[in-house]
Amino acid sequence: MLLIKNGRVVDPASGTDSILDVLIDGDRIVSTGAKLEASKKQTSPVEVIDATGWTVAPGFIDLHCHLREPGQEISETIETGTRAAARGGFTAVCAMPNTQPVNDNAAVTRSIVDRAARSASVRVWPVGAASLGSRGESLAEIGAMRDAGIVAVSDDGKPIANARLLRQIMEYCAGLNLPVMEHCEDASLFAGGVMREGPRSVRLGLRGIPAESESICAGRDVEMAGLTGARLHVCHLSAGRTLDHVRAAKKSGLPVTCEVTPHHFTLTDEDVSYNTRFKMNPPLGSRDDREALLAGLADGAVDAIATDHAPHHPASKEVEFDRAPFGVTGFETALALAIDELFHTGRLSLPRLVELFTTGPGRVLGVEDNRRLVEGGLADLTLFSLDSPWTFRAAESASRSRNSPFDGRQFRGAPMATIVAGRIAWRRS
Amino acid sequence: MQIACKIRRQAIGADQTTVAPSFRHLLGIESLTTGQISFLLEQSKIFQAIQRNPLKKLATLRGKTVALAFFEPSTRTRISFATACARLGADTMLLQADASSLKKGESLLDTVLTLEAMKPDAIIMRHASSGAADFAAARLDVPVINAGDGTHEHPTQALLDALTILDRKGAIENLNVTIVGDIAHSRVARSNIHLLSRFGCRITLCGPGMWVPRELESLAPGIRRVARIEDALQDADVVMALRVQQERMNEPALAAEEYILLYQLTPERLRMARPDAIVLHPGPMNRGLEIDDAVADGPQSCILEQVTNGLAVRMALLFHLVGGPNATQSGAPQTGEGPNAAD
Amino acid sequence: MHIVEKRQVLSAEEMDRTLQRLAHEIVEKSGGTGSLALIGVRRRGVPLAHRLAHSMRAFAGVEVPVGTLDITLYRDDLSTVGAQPLLQSSEIPFIVDDRDLVLVDDVLYTGRTARAAMNALFDLGRPMRIRLCVLVDRGHRELPIEASFVGTTVQTSASEIVEVQVREIDKQDRVMLMDRVADRVQDSPPGNRS
């Protein structure tokens, strides 16, 4: 048994926000309340976590990450990636399908599920490819993958460029009740760019990607959601104009959701230098874009914070900027960035912040009802502190990779413990 | 034989007794202070005089080795740097894109570390990726000179252009400078914009719209974009025609005839500029494309002087970065000589 | 280490008289001043060369051209000097071919400056003759170089420094003998310039 004492329990789904104890038995929450004691009749030992001053939230969900297994274990494995996720407070992570081989059939899905069962610290929810090989030519085996355990489909890394194929995928997924997670990008506008187009890209002489590369594709995708009735989820939204499309879709009642990454709500293109740790796709946006994202995070237009944790082994990033792969790691800094950049700045309330990591992403996947922090609920919990200064050192990360733009950054907010199915997956030492 | 050499000191900042403003690498103009730019130009004038000596070869850098790392093909810049090294008595080792292990897939980092292990006293680097020189400088102890990185900067070109302007105009302050061509993809334009705007020049950028994005205006104060070349040349003191890169990848091509029709620098168009305007071109020229023969060979053209001045600028730079005790990066004041140092 | 003044070698008047004498000697031993030219070695050789030319104009009515030479590029100790080298311009407003040149410098010590200066002149052409004129010869030569015209000779030890001050640069004329002295804790000697 596990007793978490004196924490501020915040569960947006059940509307809870008060100082409570949480008692866990097995993988379930058996009771919540003030001054709980483990039952005297209880024979098994009780482990107690003193959560005084901490927040106790339902287990965090990351809608978007790359665990690199199978195929690119030099950069990350399910074991190392989920260990990093646990350190960041995540209890479940959605693994994007761009592995080698691509997760476009049930065999790969099952292999990921099996590997996760053996080695993962947190829940791994595979996302299946939308098209075979994510090549954008024909449908992947989406139905079989759903039965094997995928929670969504995506060709992440690239958009589904062919509108007719996108329509087929969305119609098919509407019937399967799977969300389609779209990496919005117009390839012809992207045109080999390496950072956001703007004054900074012109100064650095780096090929720019216009914000419209994302927003034009998002506009098309929203229209397609209207045509097909499918659940559209816009991944790693980086531009204000893209958010405008999402807002309009929501207003007209379409099942459209979106996520924003911590690096996009923290940094802008002005932070980009020739350091490849600042190279990711979509690229860091303008100051106006960041303001739009912050507004959307506050007012509900944004549904979730997702890391887009994209590890690349150090040698592959130790190259010229335009030759480096896109992507930054994000598990271990996501919550701390959210606390520092969103809560301590007064932009978000604590319940809203928690919502963006819990019920928000839960709703995108349709799992929000099983993840309430209530008696009888699943014992996936994230414990964090709003005020426990620490410094992130990429070299000490649990990830196999080091490509974080936040290496050396000092934080106030900190994940403190991650509980998955009643077990302590990680605890700050 | 004409040997008389009288070097008149121009009023561009650096005084005789000022401290040499030390820097370790030359990665771009943007990262230099105005004082450092003035200093380099001042020192370059001394090497201009040496180009007129009957004996041009010095032994100043005898025993020093300079690595020329040309990851991107270049003839002029490479020969200019190699000649500058030779005139100062330094040995060179050459790495060229087609002859090196680059084609075998060696990373830039491994290549520059290998070069550094041969213990050169400086590495001069040309590379197709913007930021490649910064990348190398951040990882090496040896001074790095950027000889052109992608579409970022080409600092020695801007310095030699400034030296040419200084020669012809007597000063580089407050001039009207018009740059014509593919500004967006030009490292020469970027370095020139950074340098000349520092001295109060008003810079006009002109070219086909897709080559002159509005973000360029944010590079420095006082930059304007003008679509018609006739308008852009109005009152210009300095006209810079950029090379049209016909081999540019990933860009939809613009027909040469279109460019000639709208943007070629012709004698008629040049008449819009000030009568004493000078014409610069970084070379190599596409005669009959961006520049008409009559302009290229006309009295206002300084194109060959630019080549000669390139040697002076590069000698001054090498002397500064390699000639002194480059291992120690002190800002110690330069007193000329210690007490009876050499006598 | 600090530097202390030991004694004065030449006063302002003595310096002036010495320069007058050197100007006469140069004219006398040149067999005519038609091709004669003076080359001041930066820094303090330059005002000295101009003063010699001024004297020659005064007593012989001849106009002897003066050039200025910066020998930085020809020094053999560039990589051991303490700071980044600062180049100064050479200004030689005449053709050196077939000229009768007199290099003018303040102090002759190792001979390395004279060597560098001669190298520099050869890069400019082929002079008919080069001679050397110094205000002070302090010995300790490291090269087979001697001056044709010497203002005064001073016996020195290796730790000593001969400092020539000229009014054009130092606001006064005099020649001092200085010495480097190891620091002692409570010492605060006058003229500490280290």
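A, B and C label the chains in the order they appear, each numbered from 1.
Keep in mind that, in the parts below, contacts are C-beta pairs under 8 Å (C-beta built on N, C-alpha and C of every residue); 3 or more make two chains touch, one makes a residue touch a chain.
Please read these numbers as outputs of a predicted model, since none were measured by experiment.
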Contact graph of the chains (line, ring, star, complete, other): line
Winner on C-beta contact pairs when B-C is weighed against A-B: B-C
Most central chain, judged by mean C-alpha position against the global CA mean: B
Intercentroid distance (Cα basis), subunit C paired with subunit A, Å: 76
Chain centre separation (subunit B, subunit C; CA means) in Å: 38
Between subunit B and subunit A, distance of the C-alpha-averaged centres to the nearest whole Å: 47
Touching residues on subunit A, where the partner in the complex is subunit B: 191-192, 197-199, 201-207, 273-274, 315, 318-323
Residues on subunit B engaged by subunit C in the complex (per definition of touch): 1-7, 9, 16, 18-20, 22, 43, 45-46, 49-50, 53-56, 58-60, 316, 319-320, 323-325, 330, 332-343
Touching residues on subunit B, where the partner in the complex is subunit A: 30, 107-109, 127, 129-132, 134-135, 149-153, 184, 187, 190, 213, 215-216, 218-219, 250
List of subunit C residues in touch with subunit B within their complex: 3, 42-43, 70-71, 73-75, 77-97, 105, 107-114, 116, 119, 122-125, 138, 161-163, 178
